[in-house]
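Once you scroll down, you'll see the structures, which are given as structure tokens.
Below, subunit A partners subunit B and then partners subunit C, in two separate complexes.
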Partner chain A sequence: MRSINQKSLLSVFLLLASPFLRAQEIKLPPDVEKLSSTAKETVEVKMDGPMLRWASKFLSAEDPDEQKAAKLVQSLKSIYVRNFEFDKEGAYSSAEVQTLRSQFSPPEWSRVVGVRSERDGENVDVYFRLENEKMAGIVIISAEPKELTFVNIVGPIEVDQLADLGGEFGIPRLKTKPSSNRVAKVEKGDHK
Partner chain B sequence: MNQPNEDMKRIDELMKTALRREEVPSGFAERVLARAEQRPAVTLEPERIPWFHFFSRPLVRWAAFTAVTASLIAGSLHYRNVRREQAKGEAAKQQLMLALHIAGSKLQLARSKVNGIQTSQPRRERETNRSRSKS
Partner chain C sequence: MRSLRVLIIVLCSSAMAFAGEPEFHGLVRSIETTYGVHHMRIPLLGVALFFARPAGAHGLRLAVFEGFKTPMDSDEVRHVIESSLGTGWYPFVRVHSKGQADGETTLIYASPDGQNMRMMIVNLEPSEAQIIEVNLRDRDIKKWLKEPGEEAQGSSGHRREMD
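So, the complex of A and B:
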């Protein structure tokens, strides 16, 4: 009887808390969403926890990069990556990027890196979300002249390990490259 | 005209001699019985039925055919599903690696920018100090 009460209390709590839990979701501004129509190449990867676990089963234990990836994703809750590549510069406005950045404000998010480069026009922002002094998520917004990238990873993540997977000296180690004008949708999650 | 009559007579004689009654030699019956006892008794073995004779029945034949066809279809469907799952998994793995690569490369970009600022700042300070000392 007691356990039933506990369960019902928990379900009521979850029901009440769901709007607050959903509040953590990050939404791409509609203007940014529209960029896919003008972009030369668009990449969208959405993977939630079970999907990540399932995909990691196919990672090879012999490949060092895949081995690192398997270790990295085992406790992640979700990954969302959106990348736009354009033919020309100025395909998006700084206001659109600013709308995106404005969603990540203290105390929930803390900006650890904010680079503004007037010389080459490469602007990068990295935000961390901490829970009980532990890493609970990372957001990367990279606005380059011909490229706009948004990354949101939810869950405890080793930043150094993630950076290692980016290749060495900007040279990608990835064997496959997305084909032109391809939208890679793995799973439709709750992200928008 | 006499020739056929003679032939018939000869045949008659031959038949008479061949079918004449002869006395059984003494001890013939005993010898036959003794020899019969010496011979091993012939036992009739049960008829062996080959295993495939079971399928001679039409109902069994049809049942077997249906079972084999069903298992072949089920096997091929299962194999196709396994292959499909594997292909999906491989695609998901590629997407995951792509996402991690993009995230990692952007982190590296941020890191390189920060490192670039850190290395350029002391150089600038050194240059300003040098110009001050010259003046």
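So, the complex of A and C:
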């Protein structure tokens, strides 16, 4: 009887907790989602907590960069990457990207950095979310003329740790500092 | 012909294993019963895989469904796959490429287990589907974790066909 009650309590807890667990998932707006039908290729990569903890074992202990990434990944809850690749430029509109960006507005989200490259036509925005005054997640939106990438990292991660994860798990390497041969504008966003 | 192409791609892609796992058979049965198709018998497939397997390989399973009508909504197939695989399998990569007809979709699920990673790759084409189970080891796992999208494109043949 006692075990049944414990199981019932656990079930009730899981049912009650599930909306909060789901709340961390970010749905792409329908306007962005429909880009799958026009994109030459759409890639979606998803890694949840148990898989991330397991995956961290395969990052080399001898490579200092991978070691940093491994430590970081162990505490993350999930990594989600969605990439759209198009045949030609102008396949998606700036309004569609703006719809995506508008999901990450204050007070829940703050934009920490925005890179606008007039030469490459590459726009990168990085947003972060605080939960009880602790970093709880980062979103990257990278819009290039023929490519649109969305990355959602859930868990405790600082913006300057993003570089450690670049190139792992399908996360693009992020250049938050414009190189000298690019005409770029770096905007410091709403970082408090 | 397409089956042969898939087989060659799989053999050339990485080190794979030869383990008999119930999830593979369960998934094949689920696809057969849900969509009213039967997987093809490929003569001497086991022998071919035994002799052609790369060094260190110890497992690979393949089922090909010809005449498979891919549903418009790939979420429906995802539901069938996830219900069949059950716990311990995680959605890992999904690739969709625009093709001549309705394009091609590849759904990859992973089951990490110690130093191995089992993967179930379901490739959906307009009139054919393939299920491939592979067992990856250290070096190949690292490659998949580093660039999952690139590896998925390579193993399913998406990128090869487009280039």
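We adopt the following convention: the second predicted complex is superposed on the first by the 122 of 192 C-alpha atoms of A that agree within 3 Å, B and C clash if a C-alpha of one lies under 4 Å from a C-alpha of the other, contacts with A are read in each partner's own complex, and residues count from 1 in each chain.
Quick note on the criterion: contacts are C-beta pairs under 8 Å (C-beta built on N, C-alpha and C of every residue); 3 or more make two chains touch, one makes a residue touch a chain.
All values derive from a computational prediction rather than experimental measurement.
Asks: Using the superposition on chain A described above, determine whether A:42 touches subunit B (first), subunit C (second), both, or neither.
Replies: Only subunit C is touched by A:42; subunit B is not.
Asks: Is A:69 contacted by the first partner subunit B, the second partner subunit C, both or neither?
Replies: After superposition on chain A, A:69 lies in contact with subunit B alone.
Asks: So, does A:96 touch the first partner subunit B, the second partner subunit C, both, or neither?
Replies: The answer is neither, since A:96 touches no partner chain.
Asks: In the overlaid three-chain picture, which partner chain does A:113 touch, first (subunit B) or second (subunit C), both, or neither?
Replies: In the superposition, A:113 touches subunit B alone.
Asks: Of subunit B and subunit C, which one touches more residues of subunit A?
Replies: B
Asks: I'd like to know which partner A:51 touches here: subunit B for first, subunit C for second, both or neither.
Replies: Both partners.
Asks: Just to be sure I read the superposition right, which of the two partners does A:159 touch: subunit B = first, subunit C = second, or both, or neither?
Replies: The first partner, subunit B, only.
Asks: Look at A:81 in the shared chain and tell me whether it touches subunit B only, subunit C only, both, or neither; answer first, second, both or neither.
Replies: Once the two structures are laid over each other on A, A:81 reaches both partners.
Asks: Is A:140 touching the first partner subunit B, the second partner subunit C, both, or neither of them?
Replies: In the superposition, A:140 touches subunit B alone.
Asks: Quick check on the output: what are the common subunit A residues between the subunit B footprint and the subunit C footprint?
Replies: 43, 45, 47, 51, 54-55, 58-59, 81, 83, 167, 170
Asks: Give every residue of subunit B touching subunit A within the complex, in rising order.
Replies: 86, 89-111, 113-114, 117
Asks: Residue numbers of subunit A touching subunit C in their complex, please.
Replies: Checking each residue of subunit A against subunit C gives 36-48, 50-51, 54-55, 58-59, 81, 83, 167-170.
Asks: Any idea which subunit C residues touch subunit A in the complex?
Replies: Contacts found on subunit C: 90-98, 110, 112, 138, 141-142, 145-149, 152-153, 158, 162.
Asks: Enumerate the contact residues on subunit A facing subunit B in the complex.
Replies: The contact residues of subunit A facing subunit B are 43, 45, 47, 51-52, 54-59, 65-66, 69, 72-73, 79, 81, 83, 113, 115, 117, 122, 124, 126, 138, 140, 142, 149, 151, 153, 159, 162-167, 170, 172-174, 176, 178, 184, 186.
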